[in-house]
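Paired with chain B in one complex and with chain C in the other, chain A is shared by the two complexes that follow.
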Partner chain A sequence: MAADNPIDPIHQFEISKIADIQLGGIDISFTNSSLFMVFALAATMALFVIGLSKKSIIPNRMQMLSELSYNFIANMLRDQVGDQGRAYFPFIFSLFMFIFFCNFIGLIPYTFTVTSHLIVTFAFAGLIFIAVTIIGFVKNGLGYLRIFYPSGIPIFLAPLIVPIEIISYLSKPISLSVRLCANMLAGHSILKIFAGFIVMLGFLGFAPLVFLVVLYALETLIAALQAYIFTILTCIYLNDALHPDH
Partner chain B sequence: MPSILKMNNDANSLENRIKKAKEGQSIKEAKAPKPFGKIMKVVVEIVAAMAVGLGIGLLIDNYFNTRPIFTLIFFLLGSAAGILNVFRVAKSLQNN
Partner chain C sequence: MKILLKAFFLLTAPINFAYAAEGQKSAGLPQMDIATFPSQLFWLVITFSLLYLFMWKFVIPRLGATIEERRDKISNDINDADNLNTEATDILKKYDEQMASASQESNEIITNSKKAMLDHLETLKKENEEKVNSLISESQAKIKAQEEKSKIEIRNATLDTVKAIVSRYIENIPSDEEINKKLN
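Right after this comes the complex of A and B.
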């Protein structure tokens, strides 16, 4: 398909193998997706290694950025989870920086957006869901099951409420992963489609070009916003696991 | 003398204008992104709960060969869970 049509908005999401690796019959090849995950990791590392190499009292730009991002996540965690959440800061912070850089690297032309694949975001969300459930049971014992039966509900409604609460609980990783993936997928497809209009319309292409600039600004906002939403929802789920009574 | 007074006056009014501009900016910055993110939340929340309900129903039906009884029941329960999710988001919006 891609060969007949030079303007193919879906082509950017295709996975291609860079190095073919088979391990015990399982395909663990190094793909372009893996490559851009490494890039996101390298960008995060670079920000902190370069930013914090000269620890001056009056910070330069890189140091400002790294300190700002640290404070941003630390405050978010304190607001949502409280002091108990401090133990989970490294995980939440790594999560935010990784998704943030994946989203932003994807905005550069000719790159690959890792977070536009549902399996990537679902791996994150599923891991968070399992971890939060385990944390809930470890911290509260079997009392954690109370989240499925809110207090103040008459006993005859329990057969109806409990399945609804369980479904609501199980839907958390799906809504978390689909939200991030759908936003990235839809945004990048729309950008490509409008870029295609510019080529197709020839001289009249300046109209979609103007629109594309606006759309690109919106995508930049969404890239940051979705990383923020993913992280803040993780904090909220963590808070539910640590304080199930609220 | 009058020119200095005038300059002072200008500096004062400039300070006030900067203050006002900053206030307006901070309000915009604080308010604008929040409802945007929350609305995005609502849309996915309801669909995800429905999908989970449908999935559980289909699994049970395939296991016991009772299609479509449990699919229907769990789809309805899933829709209820979706509305519950949306209700919770709306409640948190109201609290803010």
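Right after this comes the complex of A and C.
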């Protein structure tokens, strides 16, 4: 299909098998998606293995980069959650680096964007939602239910407020996953469409080319921004679970 | 889940439309192909677990240790610098004190020697004055004596002259007493 239409904007999201693996009748083949997950893992590992190979008091560039990312997420977690958030730091840090590298590797032409698939972002969001709910009930007992009834609301508004709060709580994983996935999907599709225009317009293609350069810069920003947003929202949900009174 | 899927289709409708307009045999978005979900989830769990373990066991302890070490080193260095600074301030204080006492001492020495010098000058002056005075009185005495002597000599010379003049004119030469009587 790709050969028939090289500018099909959806083609880049197609999943193709690399190695066919079946486990108990379930298809868990190693696909291009899996390959780019491994790439994101490898990129993260490379960054930190190189960055930490020579730990020195005065850091070199790679060490600086790894320490900057560490401090960035550590500060985000401390600002949003406080000291109780320390236990969740490995998860938050891994989450950010994984999404960040998935988004960025996806910007390279002919690659695959893992985070453009809703199932992947929904897996993260669902895991976060379930974990946050469990943490909330473990840390606060039934007192966690207070998040559905914010303090200072008159009692007669409760029938209105409580359902709204419950719906907004339940929609958190959906908004979280759809935001990331839709951003990646839309951005990459538009990039591909405009890249196609360049080919179709021949020498007039410089106009979409200029636009593509600008759009690519914007998509680079979005790739970093969406990783950041996903992570900071996770921190905010975690904070809600640890401090439901606020 | 149904709401979710609906929302997703609505969100991606423009893309689906563009896709359909390309004249493809649209099989829907690859994102909606449920057959690929187990594989994606399986590999996601594997890669993300590996990443989590890597972060948890390797990156965070090492990075944390390095950052902690640096913070310790910096605070140690700051402490050292503070200590040295206090030491230097102490030394400066001591130096100032010593300078002050030394200048006081030298002032004393200057005052004392000035005084001694003035005293010495005073005594010298006195001595000289005395000497000069005695010299003056001595000279005055000498002058007086000389005067007396000269007076006598003049008188004697006058006497002799008178005698000589008188002897020319008269035979009778008056005696010295008579001349003296006349002269006076």
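Criterion: the second predicted complex is superposed on the first by the 240 of 246 C-alpha atoms of A that agree within 3 Å, B and C clash if a C-alpha of one lies under 4 Å from a C-alpha of the other, contacts with A are read in each partner's own complex, and residues count from 1 in each chain.
Criterion: contacts are C-beta pairs under 8 Å (C-beta built on N, C-alpha and C of every residue); 3 or more make two chains touch, one makes a residue touch a chain.
Fair warning: this is a prediction, and the values are worked out from it, not measured in the lab.
In the model built by aligning both structures on chain A, chain B fits alongside chain C without clashing. Comparing chain C and chain B on the residues of chain A they touch gives the larger count to C. Judged by the touch definition given at the top, the superposed model places A:I28 against chain C, while chain B stays out of reach. Within the superposed three-chain model, A:N183 lies in touch with chain B and out of touch with chain C [touch as defined at top]. Contact with chain B, but none with chain C, is seen for A:I167 once the two complexes are overlaid on the shared chain. Of the two partner chains placed by superposition, only chain B is touched by A:L225; chain C is not.
When both complexes are overlaid on chain A, the residue A:S94 reaches chain C alone and has no touch with chain B. Within the superposed three-chain model, A:I15 lies in touch with chain C and out of touch with chain B [touch as defined at top].
When both complexes are overlaid on chain A, the residue A:E67 reaches chain C alone and has no touch with chain B.
Between chain B and chain C, the smallest C-alpha to C-alpha distance in the superposed model amounts to 5 Å. Residue overlap on chain A between the chain B contacts of one complex and the chain C contacts of the other covers 174, 178, 182.
Chain contact summary for the complex, chain A toward chain B: residues 160, 163-165, 167-168, 170-172, 174-175, 178-179, 182-183, 221, 225, 228-229, 233.
Listing the residues of chain C that touch chain A in their complex gives 3-4, 7-8, 11-12, 15, 18-19, 22, 24, 29-31, 33, 35-44, 47-48, 50-52, 54-56, 58-60, 62-67, 69-70, 73. Chain contact summary for the complex, chain A toward chain C: residues 1, 5, 8-10, 13-15, 21, 23, 26-31, 33-34, 37-38, 40-41, 44-45, 48, 52, 55, 57, 63, 66-67, 70-71, 89-91, 93-94, 97-98, 114, 116-120, 122-123, 174, 178, 181-182, 185-186, 189, 193. Contacts from chain B toward chain A in the complex involve residues 33, 36-37, 40-41, 44-45, 47-49, 51-53, 56, 74, 77-78, 80-82, 84-85.
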